[in-house]
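After the structure tokens below, expect a handful of questions from me.
Chain lettering (A, B and C) follows the sequence in which the chains are written, and residue indices restart at 1 in each chain.
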Amino acid sequence: MTIGGRSLRPDRRPGSNARSSGPPGRRSEAVAGYLFIAVPMALFLVLFIGSIGYAGWISLWDWNLRLGPEEFRGLDHYTRALRDPTFQRALSNALWYALLWIPLTMALGLSLAVIVNQPLRGRTFFRATFYFPAIASSAAITLLWILLVAPDGLFNQAREAMGLNPLFELFGWGPKQNWMGDQRTALLSVVVLNAWTTSGTFMLFYLASLQGIPNDVYEAAAIDGAGPWQSFWRITFPLLRPGHYFVATVALIGALQLFDQAYIGGGVNGDPNNSLMSPVLYLYNSAFQQSDFSKAAAVGVILFVIILSATLVQRHFLGRTPAS
Amino acid sequence: MTAPAAPVARERSAPVAGAGPGRRTRRVIVYALLIGYGLLMLVPFAWSVSTSFKTLPDVNDVSFIPDPVTLDAWRYAWETLDPPIPRLFLNSIILSVAVMVTNLILASIAGYAFARLRFPGREALFIVVLATLMIPDQLRLVPIYVLFNGLGLTRGDLQYVAVVLVLAVSATSVFLMRQAFLSMPVELEEAARIDGAGFFTTFRKVMLPLAGPALAAVAILQFQGTWNSFFWPLILMRDRENWPLPLGLVQFRLAGGFATNWPPLMAAVVMATIPIVVLYLFFQRYFVQGVAASGVKG
Amino acid sequence: MRRPIVVCTTLSLAALTLAPGAVSSQSPASGWDPSAITGTVTLSGWESSQAEGEALQATLDGFAAAYPNITVDYQPIPGNYVEAMSANFAARDVPDLFYVNADVAPEWIKEGYLLPLDDRIAASGFDTSHFFPGAADVFKGEDGQTYGFPKDFNTIGMAYNTSLVPTPPATLEELVTTAEGLVGAEGVQAPLCLNPGLDRGLAFLYAQGGSLLTEDGTASAIDTEASTAAVQWYLDLFKNGLGKTAAEMGAGWCGDALGQGLSAMTFEGGWLDPAMTSTYPDIAYAWAPVPTGSSGSPETISFTASYSIGADAANPDPAFVLLTYLTGVDGMTSWTEGGVALPSRDDVPQPAGKEVLAGLSSVARPGAGFMPGYATVQKAFGDEFINQIQSGTYDAAPVVAATKAAIDSALAPA
């Protein structure tokens, strides 16, 4: 497992130190180690690991909001959730969202990273600018977005002024398209919104990976007469494989956790017509709109299983470093 | 706004710039794209600032300079948001500072132990810490809500405690701190030990002072993340008196009913975003480090 | 079957203080004397129009004069009411008295969030016989207990612009003819402003002999020929350009559409009146019953909400005093004089100008709260209905299928 292209395995400490401290020192070092990690580890175990078990437990009962467990139901809540057309819709929304948003944002992030990785004047400034939308809160930025893509908003007026409307007509989007209010375009609007806010973040991820590629590979390629276009596809892109894996994993987990933008844009029901109903919004809706904590917990477990298997599948296809 | 994707891709070039005849043209195109994309990043924010100085009927005028320029929306936002804006700021500051401090303390001690102290099960426990990155918040919603609700943490000022507890330590922070400690020379630590310093003294007096940049990255990452957080306050905070800014903003829009009163909403959005922009202008390096080294913000 | 929530009718108050986690008392102090009850009652409801706020304040002023020992702390809940109340129920920290909308009443009663009132009703001798049964029954549990009293009542009627529609249509055929005659009239975007869902659609379903449920309420009836035809008829109004939603016309709600002259006819309740008087005083309009359809009998639907006491209310006794005042003759008279709603009791005078809507009280069927899980049924219908309009297919079959699936799952044994 790697994060940001780095190995997770701790570096071995130089042997001299290990030898100089005898067995008693080693025991006190272990005690110190456990003391150091006690509080953080307790939090991790209770609030993360423990919550998996607790969610599983809650999902097996009829769980009354006020009184807790009432009747043991086994896996009933799982079948109830999976059979619910709204949950199926939420899953298909998540799939569409992931299919559109992940490649789009990865392509943007990679392109930006490759460009600002060159020795350009002002590249620090551009890097800072491209990351800028990521620093604002999802609430602020989603509210701003709703204003921008309103029927009379800046976006519709700008594309009209630029004469781009015929292009949009090809997709059946009129000059006063209500992007967030129309069920055909609401999810797409959120895809573009999040591509806009995260392209800078992905750029930073890719920059970290790019810096791990030694320059002499490019020099060798240049001697072979490869142009920038070929050397990108033949060298940079394949060598970035750990970076792709990392970015894709983060993106996939993020895509399946879409919530803030859906809730702020479409309310608790993911309006219009479930077009913004994401799996997490469905979970939230089950818990706080339908008072159905058991189903909400079951949905949480289902999503965890989906995320875990998707990450493992992705790791299988992207995670191995290419033989070089 | 997706338009630039394709043209950008075509102009990619390797870090070693070629010296061919097309070099100059390529430079011009690259700069044009950089500036164009940069504008796409900034124009919407300029629009929010511009809107905040407009009157409601002028909201859809395509002009970045409002006519007339009015402070009415700022005044209205200041007077109308519930809880009032100073209170929202106070709540956001309390949460963000508290989460920043707990992460600094807990992540540095844990990061140090995982990097420098040897104890049985260290690797396995560290894997457990990293595995928590795979546990989605939605799985934790119901159990944490039920747990905290049972402990009475979803009422009154204890709501602060609830939100801070959930965000108190993140695997990202631990990972960043561990990386920092791993990269430090062993000699200093050994010298301190030979002088008879205990593990904690060595950590606090010798190693921690060297971890300044990592601490700054953790501090910035956590402060900003908490300042912007929406999900957990929404779940855990029933009483609006304790709400942070993002909840106040969203509620203000809902309170408007059928038609959103955009200028005051944008004024509130600008107010809520200014502190983070200022932080970014001054500590940009640490934002970038924090994200690049681990990057869980997405 | 769920564990019976109410097992402690005999539990003493002393035992309750020792076991705060236990179910709240429903035993009032013996010898009920409202004037001797003191305390503060927290009252909550959703935020609503200014007219409603003023009417409620007037009513609370009346209460303060009648019961000086009880203070009312009114805390309206902004935003999503159900979300906020769910969190309150979970925290077992609820307002003493609060609104319960009919559509969530069956769930909230079943889940044990509301305090059963029978003991206090008996002890206080509060006369419940004057409530309209159609409104009061929504707030009775499967156990027969009463969990709240309807705070008011609203029937749906047809509001029409009298300068565009001189004679209101009496049948659905006439409605269509009248609407056809108005297509293209100056300023009119669509002759009818329509709600794309069961909120109003249910009235037209009933008018044409259709229904969501069978007579005994145990099975779905949305897929019968009459029901499907009614849904198709409603969709055709949109298809043929006779009707539009308020949103399609750029209006906030159909009241705005009527007031701005975008539509000539719409189907609303008494809340329309204060909005029209205050915002659109120049538009002349009148009320008529919902036109009759193939069923031949007058049909409409009604909406109601209750005042209920939380199972975890801290001050149930003063809350009950306030409840009986607000839903009693004096309180309800004062509240309905505000013009936003009709009384839910037959001994409260009908407010002026509400004759048509009040006349529908006897025929109106509940527009919500008549089945468990109605909110999801409503959503399933509305979502697919809007989908049919937006995609331009106007086909009733998918709407019926989606609604039937939602009904079946709502009726399936829990």
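Going forward, a residue touches a chain if its C-beta (ideal position, glycine included) is under 8 Å from a C-beta of that chain, and two chains touch if they have at least 3 such contacts.
These numbers were taken from a predicted model, which means no experiment stands behind them.
Looking at C-alpha means, what's the farthest chain from chain A?
C
By the contact definition above, name the pair with the higher C-beta contact count: B-C or A-B.
A-B
How many angstrom lie between the centres of chain A and chain C, each centre taken as the mean Cα position?
About 42 Å separates the centre of chain A from that of chain C.
If you average the Cα atoms of chain B and of chain C to get two centres, how far apart are those centres in Å?
Distance between chain centres: 43 Å.
Averaged over CA atoms, how far is the centre of chain A from the centre of chain B? Could you give it in whole Å?
From the centre of chain A to the centre of chain B is 15 Å.
Send over the residues of chain C in touch with two or more other chains.
80, 87, 90
Mind pulling the chain A residues that touch 2 or more other chains?
287
What parts of chain B, by residue number, touch at least two of the other chains?
Touching at least two other chains: 145-146.
Report the residues of chain A in contact with chain C in the complex, numbered from low to high.
Within the complex, chain A touches chain C at residues 62, 64-67, 70-71, 80, 83-86, 181-184, 267-269, 272-274, 287-291.
Would you pull the chain C residues touching chain B in the complex into a rising list?
47, 78-80, 84, 87-88, 90-91, 93, 252-253, 256
Given the complex with chain A, which residues does chain B contribute to the contact?
1-2, 4-5, 8-9, 11-18, 20, 30-31, 33-34, 37-38, 40-42, 44-45, 47-48, 51, 59-60, 62, 106-107, 109-110, 112-120, 122-123, 125-130, 132-147, 165-166, 168-169, 171, 174-175, 178-179, 182, 186, 190, 193, 198-200, 203, 224, 227-231, 234-235, 245-247, 249-250, 253, 260, 262, 265-266, 269, 272-273, 276-277, 280, 284, 287-288, 291-298
Can you name the residues of chain B that touch chain C in the complex?
It is residues 82, 145-146, 149, 154-155, 238, 251, 254-255, 257-259 of chain B that touch chain C.
List the residues on chain C that touch chain A in their complex, please.
Within the complex, chain C touches chain A at residues 2-3, 5, 23, 80, 82-83, 86-87, 89-90, 92, 107-108, 111-113, 247, 311-312, 375-376, 379-380, 383-384, 386-387, 390, 402, 405, 409, 414.
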